[in-house]
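For reference, the structure discussed in these notes is given below.
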Amino acid sequence: MTQLPGLLDTEAIRKDFPILDRQVHDGRKLVYLDNAATSQKPRQVLDALSEYYERYNANVHRGVHVLAEEATALYEGARDKVAEFINAPSRDEVIFTKNASESLNLVANMLGWADEPYRVDRETEIVITEMEHHSNIVPWQLLAQRTGAKLKWFGLTDDGRLDLSNIDEVITEKTKIVSFVLVSNILGTVNPVEAIVRRAQEVGALVCIDASQAAPHMPLDVQALQADFVAFTGHKMCGPTGIGVLWGRQELLEDLPPFLGGGEMIETVSMHSSTYAPAPHKFEAGTPPIAQAVGLGAAIDYLNSLGMDKILAHEQAITEYAVRRLTEVPDLRIIGPATAEERGAAISFTLGDIHPHDVGQVLDEQGIAVRVGHHCARPVCLRYGIPATTRASFYLYSTPAEIDALVEGLEHVRNFFG
Amino acid sequence: MTQLPGLLDTEAIRKDFPILDRQVHDGRKLVYLDNAATSQKPRQVLDALSEYYERYNANVHRGVHVLAEEATALYEGARDKVAEFINAPSRDEVIFTKNASESLNLVANMLGWADEPYRVDRETEIVITEMEHHSNIVPWQLLAQRTGAKLKWFGLTDDGRLDLSNIDEVITEKTKIVSFVLVSNILGTVNPVEAIVRRAQEVGALVCIDASQAAPHMPLDVQALQADFVAFTGHKMCGPTGIGVLWGRQELLEDLPPFLGGGEMIETVSMHSSTYAPAPHKFEAGTPPIAQAVGLGAAIDYLNSLGMDKILAHEQAITEYAVRRLTEVPDLRIIGPATAEERGAAISFTLGDIHPHDVGQVLDEQGIAVRVGHHCARPVCLRYGIPATTRASFYLYSTPAEIDALVEGLEHVRNFFG
Amino acid sequence: MYQEVILDHYKNPHGRGLRDGDAEVHHVNPTCGDEITLRVKYDGTTITDVSYEGQGCSISQASASVLNELLVGKELSDAQKIQETFLELMQSKGRIEPDDAMEEVLEDAVAFAGVSKYPARVKCALLSWMAWKDATAQALGGADAERKTA
Amino acid sequence: MYQEVILDHYKNPHGRGLRDGDAEVHHVNPTCGDEITLRVKYDGTTITDVSYEGQGCSISQASASVLNELLVGKELSDAQKIQETFLELMQSKGRIEPDDAMEEVLEDAVAFAGVSKYPARVKCALLSWMAWKDATAQALGGADAERKTA
């Protein structure tokens, strides 16, 4: 077996993930390389979910009975864990949503309904990039349509990085918000936060960072990022589906208007008017995803028990190995940075003129799960003139042997359609 | 033990709910009477969740590998179950949200951004009632504020029913939408749908029904209701937290604009513009609450295995017994219908001038979990001139013995503060 | 699912390329970016040509080739029957085992039976057939010719 | 949590009713509808009266009564110390076991130690104390006197 420096003890870790033992297609061992779409869940998280429902389940807040108090303590305890995980200055800056997409829509809608100085309107500009996930494109397109603001974006270089050469023309005095992805889910690119934040601060624009592909894979420090908002999603970081996070700077959360209205987010309601609870509750209408927050808390405990820096080192080693092995495959073209520097653990590629659907299908027949398509980042495919890519993406349980299986699988694909 | 006609076999049923065995406060048996806040979950639902994560977990749609296909089949299969459960004409009319609050906000926002003939603006009126949950008040207040539309509402009679005497003045030619609760979570009132729908149809207004307290407790038939939208929430009907439903009439879902933007809800995206997928996907941005939908599907299987009509009969018997026993308690005043007719299984009351917080706390010390406060329906408290109520609410596992325990508990409360 | 017949059609497509036609449609499968531009030519109700150009996976490419082979020269009513049979087969989720009668109608297209087990790929197989249906409606004056496949 | 002392104050509140004051505030606890209207009267920095009116549970009512008993007649700086000590106790989640020193400062208010274990009730116990703090800031010209309790 290939040994690389920096690897985690995947043999032990994989025992925590029941699904990794699964066999598919009549006895083939599952090789799960679709981690950028969603991660698998360790037993520790599943146990936390079951325990929550079997012992503590109740609606949170406002309850004076034991279960309600315990459930509230668990739910709010999960908020504490998230706050610590991202080094938030205050736990009250952590808003639970249903996924990263809701988090990003929440920011767009806060700004759409805000008063000055935050208000986005026809005099102002919104900046994104060409490598965003649709969830960080469409909310801003909708906001631009509905407010008359102008949507601008950074283009991409041929090697899959942001083209910041015209940064001063893209981000201008009119820019109200710059929203961009920290790690691209399709290209794997890790973006240069500092340069963008510096320019945004120069012109007084807010900065929103989509950290959906960063939070699961590397230490995340919202203070070091110097952003105003950071969004991510639980299901990609060992947590359950149905839970996302928006972190926002306290004074912004105080100033900005609510988005969804309902129970939990109010201070006092009469038929004529209502006042709102302080953040984070102001932005959490209705019964929150309680069990899912608790599950996310357990996922964070799990990640911390391994250490985010160790997880990063593991994935860097795996990614480096994968880049090396994949470049050996004839006709394979990596879409995105062709080296392992400043890139995350998702690698997109094309294989000659074999359509990614066919690549994925034939890999699947061998038990290898990859994702094919535009990966919710169709502008990237348009930019590089391809209909789709095949994407292999790794996580803390990925092994060199799985990379080897992928490379062999790709050889088989080439022969099959050759 | 008290035997009432129509009761379910609660002895068998309670074995399905691990939490009901829990002891609180040093060995007191839990008497869970906070079901209107959230229901407990049967083992069948918890097993479905675990099985999903342990065997099938993957992101849905667009995947060509086995797990992605299985997860998609399970997620979409849950949609089929919901559609059948509410007798929806088409499965494509079932939208998964995170809770009923999101469902209601979704309707309000669709209408706020709609073109004619749906558009809500300063020329138009929105109608709700004074007994709505905050989640069916605040979204409409926000919509009214943001569009300039006028918000009107039906008042309440002294015995806790809608006052429809002025229906023709409340619902007028200007009314675009009438949104009201089918069963009140605070008063227990079951509202006369037909009269309201008839008037709404007369003037061409849309009808939205908040069925959060109906779906768990009685057969729900969206076609019989003749509404345009029906919202409810998973966690009150044996399902997980983090999942809600909006049902909407197909042609409306086709015509109305999307709300949240992002992955999954698009047809095709370019930097310049996007087109949207057909409903229900148009309204499901981002990775959906996959496991939670699967869990809701399992909850529906569970409810169907008991039979919604049997559940209704059980709860009617329990409610009748509870009303009878509670009216025996000195100084107890039921807020809402004082009989068991046309009422659901939630009973609010005051107990002399003992504050509900104190009532709830002393009941809790005896292991009895009730909810105290305004139950997210503060206008009802204002209407009846009380700061709060104590609410006992029942479900399919509630027993006459639990009602007896409540009544005894209330005696103890009276002695304690007497 | 990759029957020899499918691979053959994929590697050696029939009638590929855009030629003169009475109507043209452009369909996309948004999930994977498969695209087809397709033209139909009629002589009365006889299909004299189906020409196409596009990009896509082996399934969508082979399916277009099979369509061309099957439908060119047919009467519209026969072609519609073939299209409906193919649709039925593709929506069967692998539950239909094509019998002789079906084979007679579908010829090479029965090779797609295995694809119907893969929901993500059914749309690929149907792309050209939906495009043909729309183009035909347009050429012969039917309704909703502009509708894209979902 | 229902200590005898608390029940006593609840049943026989001290100084209830609104009297003349230098500043008045109205605080509500939105979760349960508890409300208090509270006025403070100062002679220089000496508290000469704290009068109040409101509705609420035994905890919030008793707490207001204890507050009145403890603070009236005190110097502002002493009162602030009492308020801070009470706040600390209430936010201790049941982890502080009041010692003699604390009892000396808080007197009857130590009876609320048990309440601190019940997060939903802590706000009840603090309602009048937060109102007093705001009213004092307002009377003596401090900032954010209008802020409501959260």
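A, B, C and D label the chains in the order they appear, each numbered from 1.
Rule of thumb we're sticking to: contacts are C-beta pairs under 8 Å (C-beta built on N, C-alpha and C of every residue); 3 or more make two chains touch, one makes a residue touch a chain.
In this text the structure is predicted, and so the values were computed from the model without any measurement.
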Return the chains common to the contact lists of chain A and chain D. B
Just grab the chain with the largest centre-to-centre distance to chain B, centres being mean Cα coordinates. C
Distance between chain A and chain B based on Cα centroids, please, to the nearest Å. 31
Taking the mean of the C-alpha atoms as each chain's centre, how many Å separate chain A from chain C? 38
Distance-wise, how many Å sit between the C-alpha centres of chain C and chain D, to the nearest whole number? 78
Numbers and ranges of chain D residues touching at least 2 other chains: 31-32, 118, 121
What positions in chain A touch 2 or more of the other chains? 62-64, 68, 266, 268, 357, 361, 372-373, 378
Chain C residues touching chain B - in the complex, by the definition given at the top: 28, 30-32, 118-121, 148, 150
Note which residues of chain B are touching chain A in the complex, please. 18-19, 22, 24-25, 30, 32, 34, 37-38, 40-41, 45-46, 49-50, 53-59, 62-68, 98-102, 104-105, 108, 113, 130, 133-139, 141-142, 146, 151, 153, 233, 235, 240-244, 258, 260-266, 268-271, 273-274, 285-292, 357, 360-361, 363-364, 368-373, 376, 378-379, 382
Quick check on the complex: what are the chain B residues that touch chain C? 61-64, 68-69, 72-73, 266-268, 277-278
Under the definition above, what is the set of chain A residues touching chain C in their complex? 355-358, 361-362, 372-374, 378, 381, 387-388, 416-417
Touching chain A in the complex: which residues of chain C? 1-2, 7, 10, 31-35, 55-59, 61, 118, 121, 124
